[in-house]
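Single-structure report; data block below.
A, B, C, D, E and F are the chain letters, set down in written order, and residue numbers restart from 1 in every chain.
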């Protein structure tokens, strides 16, 4: 009825390490504006910023049993991704599971549902991106798949895909695209650093990006005063 | 048309005091997963953690008049619970009412509506759990009951019931069950402390809770690699 | 098709300066409970508090092109107001545009949509009130008006109107009413200071505001015990 | 762990029968504007109008097992009320359960969750008020109480309480208040019939209800033209 | 404190009459994609289609008093627009007010709140566009303005502006633009009729609108098979 | 930048034809409770029931250009699936595009956004499942992929996958699983027909499914009267 895949491919750790310094917005843009999870996925504390390969875990609504199974599949540096089979805000995860994941070196949790023990998890420094903070308890009755591809918060995540999460939300990079997206992200960062310098020096985006002509072609007109209504 | 009950029964203060150290998730579990308010009830600052008997106050939408009446019924250690008769996010409560409640020794406010003066209330250290932060003003035209049972954020709260609120939300414990829920909560805490120790030592929940056999019975299989799609 | 108005009237800077110390709730009440933006407009960090004249900017859904145009129209002390022509939570604004606005002396951004680079904007100390924090990128294809009146988060804002924003949300004051609203706001603050003093001394709002008689007339009764159900 | 109460008190059938002709708005007003379920409870087809005593059933999120238990407790004329222990939109109920309830003479279902087989239930003429129409399946793993008081869509419903549901939503009348609420509802209907007649004859509510003086006292002024802005 | 403007300018009735046959989408496009109310404004029955000048009415949350005042200001052919000063879903309007408006020849109601007696209003054939159907009662305590400009469901509506409402929602046309928007709407209808004919004959929009070249310029490529992932 | 795949594999038409009589709930259950789109996807009229292979189309927020491109890729019997790259409720689709699709023999539209001309589409009998009905217009500026896999309303849909939609919502069946899911769905229907017969004869689900023993084992107890509170 349900399976746990015990061996998954992860991106090159050297690549993953370099993603840790890249923002979600940068990575999302660099890979062609795809892979973003829904805007309701918010960190329980800020700032928070992690990157690592996904362990995926499917849970029934109101039932966190499979998280216990998934914990065993996590290796140091991994990020656990948990998603219910239908929308649910129950508190699937608390400080005990947090302690267990920290002990295993897991970097954080992406949970398309509710989290509880938010204060303790914050003190512990274990970052969680979730749909809600909610104390509602769950049962342990229904099995589900671990390490098969899932849809979480509107994005498809396969085990071993690279997750990047920061204050802006969560993005997933396909494992086989990790190297190329890294390169494009770094290039984008370089370019943005140069633009930032020019903006700080007082130049306008309108001029840096050469937008004025195209705006005029589209029909933008400048007038000193608003037309009489 | 509306009544104010001036004399209510409160739980034993010694019991209330011991709830102050217990988390909402723990109490909610200990009493059989009931009594939780909806997940939209969020504290205006974090961390925040209070426990105390409820003074209940019913208000009309967009009308905070009865809060002034309820203030007088509050005693030191109480928690004021305010709920509109139909959903409303207006700013029913601000720093003046906060000052008045603090002066009376009230521990905090549970408000199934909007709060305003959030910055000042935060500075003052007066905790509020609310549905929204919103400056929208209210009128003073319609009376309502004080200290009759209410439904707030989906939970039934009677005056004198015990409220516990922390970063995870808000839970209500029936007054007559306060002693037994305290006992069960403390037992749960003890048990969790032992589990936490074992988790920190590297044991897995799967083994601590003895889940492996039942998972297998339900049909969970471990495979090294995902089946070909 | 679209116009940019380059010359707008702003309120007297001396008046604007005095609004900077006034809370949104106070100003909203003082002007007769109007001009408040919807409760979903939240600051990316707290506390935050700004006041200044509005530069208004209309954008297409998922398209932030016109923000670049609007930046050029901003003067020191201004507040940029951006609103999409239909609801959208995309990340219209990030740290580069933030850097550009800070360089021009702009005090903050009111954005009825999503913002990204929230961590960097927080570090920079550039306050943004928005509907969402979301990394989703935008295109630059569609023109729109700058410095014509807009509806943002349910409120009408004309260029040069005074914006006040704090932890409670955002309020707009019509430019021609700025002086009178300032006066009423200061009067309200004085009055509230006196009430606060009396509350801190232990008096009740019921007495300070003389509510008891009217409550009784409306039918409020005090009973010692709840009637038997 | 969970109990089924097999013997409950119902209102006098003669009283229940007379509620069948009364609208939800009328009953809600007649009993002092209480007992209304949340506005998200909508009928799957319109028009629909039922009244009858409640059989209450508590279900876990994503788990409809207890509905099968509750069916057995239903008698002809009853209305089944089902509510999850935390918010859930899964499809707890379909045409098979509908057939079973119809066979038993049950008048309809109030479901604070999702329903499925909406087309077949509509054809069958079995009315359902629900939070959602959603095909999502549920499991049968967790037990819950039947015929204990529940909170459904924000209202408290005890077994044997009278439910009235129509196109405007759902209202609950406490069993012991059924007779008096019936009387007040009928009186209200009579009064409204007379007002309707006068309105149809062209009189205004302003005059029928004698509102003009009080409006003037509150400060309402009539002007021919809007003041210059 | 509040005023009722008794004399407003309406569009030429001949123009209004011709809008009655035009769809909301057509009018919205014809006037440059502005003036649309939020998507949550839905008709209580379908199909429904009306056009007429607006009488505007501001109400407090949970308080429908001013609707009674506004009724008197309505003339045959008018459309009443009611909006609360902060968001509210209460049932402000029912069949009695509906009867009163029908008697006066009013064409329908635009209500940025809840409506009740939906079944009776449907039978009567009095169309209402609202945010919710909800039986929740309201009080009569607070005055507000009638026939001053309002913001309803995110759009600004001045008294005498032209409202068009159909199954797609509600749009407002400024009174002074009514004639020109009518002309543009009719032109758009003509154009669409011709396009429809060509589409029915099997031509593609791609060819009718000549889109192929611009798509190619933007970088769209046709491939027979999807690239290997 | 974007591609259109012109040749896709569709399921065997004989299989597709047999799905047309199967409900969404049945198919969803038969394939192991997967593939359901979110509950907000609702038909513009009821009843409506279609089945066919998906043509997938990705659009930018507020931009319907690619729908014109996708129309050309549709063959008789297909179902067009349109999804924005970030959430949007604009009216991407109206009666002209509907006429074009009907002319091509397309069975219906699945649109994770808004639709307009709902009345005309209803008259035409062209079924649309959408997130909203909204007249808001869109631009034609940004290209996107046609016939690559998409995420729509939380489900992954590849071109050529089988879509089934009815009053309960929308489900997707992977193309290569269509035959086996058909078989399981028909088996489920047979089984349900037999259960329905027994239910109509007065048997209880408790007995038909043999639930009593397991309920007792889980701890369910029957009591005649509710325990004293």
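Annotations for the structure displayed:
Just so we're on the same page, contacts are C-beta pairs under 8 Å (C-beta built on N, C-alpha and C of every residue); 3 or more make two chains touch, one makes a residue touch a chain.
Small disclaimer: the values here were computed from a predicted structure and weren't measured.
Judged by contacting C-beta pairs, the busier of the interfaces C-F and C-E is C-F. Comparing each option in E-F, C-F or A-D with D-E by residue number, the pair that reproduces over half of the contacts is E-F.
Between the CA-based centres of subunit A and subunit F the separation comes to 28 Å, rounded to the whole angstrom. The geometric centre of subunit B is 42 Å away from that of subunit E, both derived from CA atoms.
Taken residue by residue, subunit B touches two or more other chains at 33, 36, 39, 85-87, 89, 134, 136, 142, whereas all remaining positions touch fewer.
Contacts from subunit A toward subunit D in the complex involve residues 60-63, 85-90, 134, 136, 139, 141-142.
Put simply, subunit C touches subunit A in their complex at residues 1-7, 65, 68-69, 71-72, 89, 91, 94-97, 99-100, 103, 114, 116-120, 122, 132-137, 140, 142-143, 147-148, 159. If you check the complex, the residues on subunit A that touch subunit C are 23-25, 28-29, 33, 36, 39, 42, 46-47, 49, 166-169, 171, 192, 195-196, 199-202, 204-206, 209, 211, 215, 218-227.
By the touch criterion stated above, subunit E contacts subunit C in their complex at residues 33-34, 36, 38-39, 85-87, 151, 154-156.
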